[in-house]
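In the two complexes below, chain A is the common chain; its partner is chain B in one and chain C in the other.
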Partner chain A sequence: MSTFLLLTITGLGLGAMYFLIASGLSLIYGLMGVLNFAHGIFITVAGYTLWFVESKLGDVPVLPRFLIAALAGLVVGTVFAALTELVLIRPLYGRHIEQVLVTVGLALAVTALVTAIWGSDARVVAAPGWTGQTTTIFGAHIPNDRWIEIATAVIVLFALEAFLRRTRYGLIVRAGVENRAMVTALGIDVRKSFTLVFAIGGLAAGIAGVLYTLYSTTVDPQQGTSLVIFAFIVVVIGGLGSIRGTAWAAIIVGLVQQYANYYASSGLGDLSVVLLLGIVLIARPRGLSGSFA
Partner chain B sequence: MKRFAIPAAIVVALAFVPRLSVDLPYVFQGGLNTPGTLELLALCLLFGGLALSYDLLFGFTGLLSFGHALYFAVGVYIAAIAMTRWHWDFWVSVAFTALVGFLLAIVLGAVSLRVAGIAFAMVTLAFAQAGSILALKNPYNWTGGEEGFGVDYHQLPTWTVGILNTKHLYWIALAYAALVFAVVRWAINSSPGHVWQAIRENELRVQVLGLRPYTYKLMSYVLASVLATIGGIVYLLLLGGANTDVTTASFTLTLLLMVVIGGTGSRWGAMIGGILYTFANHRLGDLSSSHAVSSLPSVIRTPLQQPLFILGVLFILVVFFVPGGLTRIGQVGARLDRILRRPAVQEEVT
Partner chain C sequence: MALLSIQDLHVYLGESHVLQGISFDVAEGGVTALLGRNGVGKTTTLRALMGLVDRRGTIRLAGDAIEHVPTHKIVRRGVGYVPEDRDVFSTLTVEENLRLAERDTEPRYDLVHELFPELRERGKQPAGTLSGGQQQMLAIGRALLNDNRVLLVDEPTKGLSPLLVTEVARVLQRVSELTTVLLVEQNLGVVNRVARDAVVLDTGRVVHIGPAKELLADKPMIHRMLGVG
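Up next, the complex of A and B:
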């Protein structure tokens, strides 16, 4: 029972991370039709900024140091995402394949640049001591960082929902997902919301990058790319463009991965996620929420 | 027969390269007939062919797959496993590997072609990722995990083993490139080939004409995958072993880079893109350790040490300014004109 509980909480923690990455991907795809391959770079950029700032603040106590570095990571990740949209995506509006290609090129180039500057080895990030300890609940020793991941994802989910349902910009984004041409015809400059959605996606991915440093206590050039592949799977299972579908899919994928890894055999978790994707596609080609563009 | 004259002449000319002892300073590190240069040239030709097999999907049928690496990896790994772990005869292994590539392409193609466009890209990516994980997890100690494993050279034909036989490997790679070129040429001029190009242009219209795009797309997918599987076997002969690099998503992305840099939907474009990319990827690494570069300030030197950084940036520039690829560089002027005078919002008709 305690093992099951541990697996469930860990699976939810992993799902939380997938949700943070996939929600941005899903929103960007829903609104703009762009599969953003550079999304993993936002994770990498946030993670490396965190590590870099932390290493520059050597004599500050660990908790404020981590918080400052995390904040820096989020700001840089968000700005980087917004700049990506402005500089690389914007000139190619209406040509989806070229936009995808540009994000592919950016992903490869930035990963190579990070490798060139800081090497391909993982760098250790000092996380506040409490996050490395465990809390015992019903006999299960659960690492504390899992709680932070789950709580953050829930907050982001509600914040995103509130933004999309309650604000004027959220309304424009939702309308843009439904019918971009009509929003433009009504005299609203839908391009501003493109940049906005990219910045939000970058922020969410940056949060995921910061949380992943808690989870793994390291940063390396490839981690963003490997996380984003599972986020792609989550997005397809959840149905592109739907935040709630993404949230459900992220939970399912995180749990399936953990359970299969423990109860079947190590390494089978990743494969069963792919199998799950195959089943979902055969049964419901439009994903769980069915709001496929 | 004039249409076949130029490609045939090029193949014959390239076949004589191992007989030339010309030294090309800066371009290659040794004479043309040295094993090092021949190996690099063989890799270039192999990737030229592989890029063209990818372009059959992307450029000619309009299918953006992120899982082409899977079939290449099947060629590398299944052939290596059959020879090394099961001690099968070389030609039996080759036939079995091609069969596996063929059947796998039918099954996975049938599933992933249920979705179109970007979703297809993601699904193929996921399947390729599954293959990559499988190779990493080393089931039954077959794949050798992260490090991969060397093929049992007793099973290989003797004329492909050893540094003195590099010229034979070069000819195999050349034959592979020529084979892909000929097959792609035959396929896209056949009647399904015309349907593929029609699907790329307007899938709905193909449907209205009473054809099933699904069947045709599957044909294109299977053909491209089998060609990639054969390429994997050639790669195994060239490198003498299997490694996980060829299974990764990044590997498919590099194929995409090759095709786009060279020019999509054009046989020569994809092939030249593959050759140029492979050449640059290998030689830029040597260049960065050369004397001229090491004297540069570190701000410039550091990025130059990663060929993928330079190639990624080049790729972005090509997408922006030379959309037809380097083989259609003549159209740059018109393209710049379009960017500078683009309308406020370009909406696609849906």
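Up next, the complex of A and C:
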């Protein structure tokens, strides 16, 4: 029982991480039709900013130091994402091949740049002590950082839902996911929403970057790109452009990965997720939410 | 002066030269019908006026050139658009569809609800669950919400029952009292009832311009140009 509970909570924690990354990817593809292969570097940029700022605040106690550095990571990740849209993506709307090439190129370039400046070795981040400890529930020792990951993902989910349901920009995004040309034909400059959605995606990915740093207490140049692969799978399973579908898919993928790794064989988690993707694509090609994958 | 003036308008869709230098004017007030057989470029003409397809030529709205103006700014200059397939946002409610279309500080909900009382009753219903006729009402209502100078309406009676066709014709008549309408329509009964002028296209070219009633009274010409009658 305690093992199952531990696997479930850690699986949900993993799913939370995937959701934070995939929600931005899903909105970006749904609204703009952009397959953003550079999404992983928003995680890397936020993580490295956190590490860099934290390393410059040596005299400050750990908790405020981490919080200040995390905030800096989120701001830089968000601004970086918005600039990516404005400078690189905007001139290429409607040119899908070029967009893919430029996002892949950006991902490779930033990873190479980070490696060139700070090396390929992981850099250690001092996380607040409590996050490295465990809480015992029904005999299961649950790492505390998982609670933070889950709680943060739930808050982000509700915030995104509120944004999409209760604001005019959210209305424009939901309509734009369905029919971008018709939104324009109502007199709305949909490009402003593009930048906003990229910034929101960058913020969510930045949050994932901060939480991943909390979990691993390190940053390394490859962490963003390795996480984003599973986020893409989550997006396809959830249905492109759907936040709720993405949330459900992230939970399922996180749990399947954890259960398979423990109950089948270590390493089978990744394979089981790919199998799950295949099953969903055959049985429900539009993903869980029904958007066409 | 014409409210809308189109000169030497060309549109290429892929390899196809869909509009081959069409020119015509839309006078202020009333309904100008854009007629022609299937595939002659009527819908493309409206899409070109809206800036939804790449085009070449001159388009003037009340004397101002708009051929290089992006779609959203054309709309803000007072051009409303009711597309052929309605294009309501199916996952949004009726209320949300209307709210999205609001541009004016005082959107004309009174007019929309007077013409289409059902839209008020079905405000919370997702637009995708409406019938074809109700979706058409929503598409027209969305365009009427703002005080447009001209409405481009593309086949509003397509796929509707005879009863609803009559209803749409009644609405178009009322709308033409409020603003200028450029109407693409296959149903000649509706055209006869609402249109003052007619422009006929054939294979991407204008082949006739004149009063709608005169055209519709000339059966041989109707048969030759439109293949009906």
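Please note the rule applied: the second predicted complex is superposed on the first by the 292 of 293 C-alpha atoms of A that agree within 3 Å, B and C clash if a C-alpha of one lies under 4 Å from a C-alpha of the other, contacts with A are read in each partner's own complex, and residues count from 1 in each chain.
Assume a contact is a pair of C-beta atoms (placed from the backbone, for glycine too) under 8 Å apart; a residue touches a chain by one contact, two chains touch by 3 or more.
Quick caveat: nothing in here was measured; it's all calculated off a predicted structure.
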Partner chain in contact with A:L106 - chain B first, chain C second, else both or neither: first
Which of chain B and chain C A:V183 touches, first, second, both or neither: second
Partner chain in contact with A:L160 - chain B first, chain C second, else both or neither: neither
Footprint overlap on chain A, comparing chain B with chain C: 181, 184, 190
Contacting residues of chain A [partner chain B, same complex]: 29, 33, 35, 37, 88, 91-98, 100-102, 104-113, 115-117, 180-181, 184, 190-191, 225, 229, 232-233, 235-236, 240, 266-267, 270-271, 274-275, 277-278, 281-282, 285, 292
Footprint of chain A on chain C - complex, ascending: 50, 52, 70-72, 75-76, 81, 83, 87, 89-92, 96, 99-101, 103, 142, 146
Complex interface listing, chain A residues touching chain C: 168, 171-172, 174-175, 178-179, 181-190
Complex interface listing, chain B residues touching chain A: 64, 111-112, 114-115, 118-119, 121-123, 125-127, 129-130, 133-134, 136-137, 249-250, 253-254, 256-257, 260, 302-303, 305-309, 311-313, 315-316, 319-320, 323, 339, 342, 345-348, 350
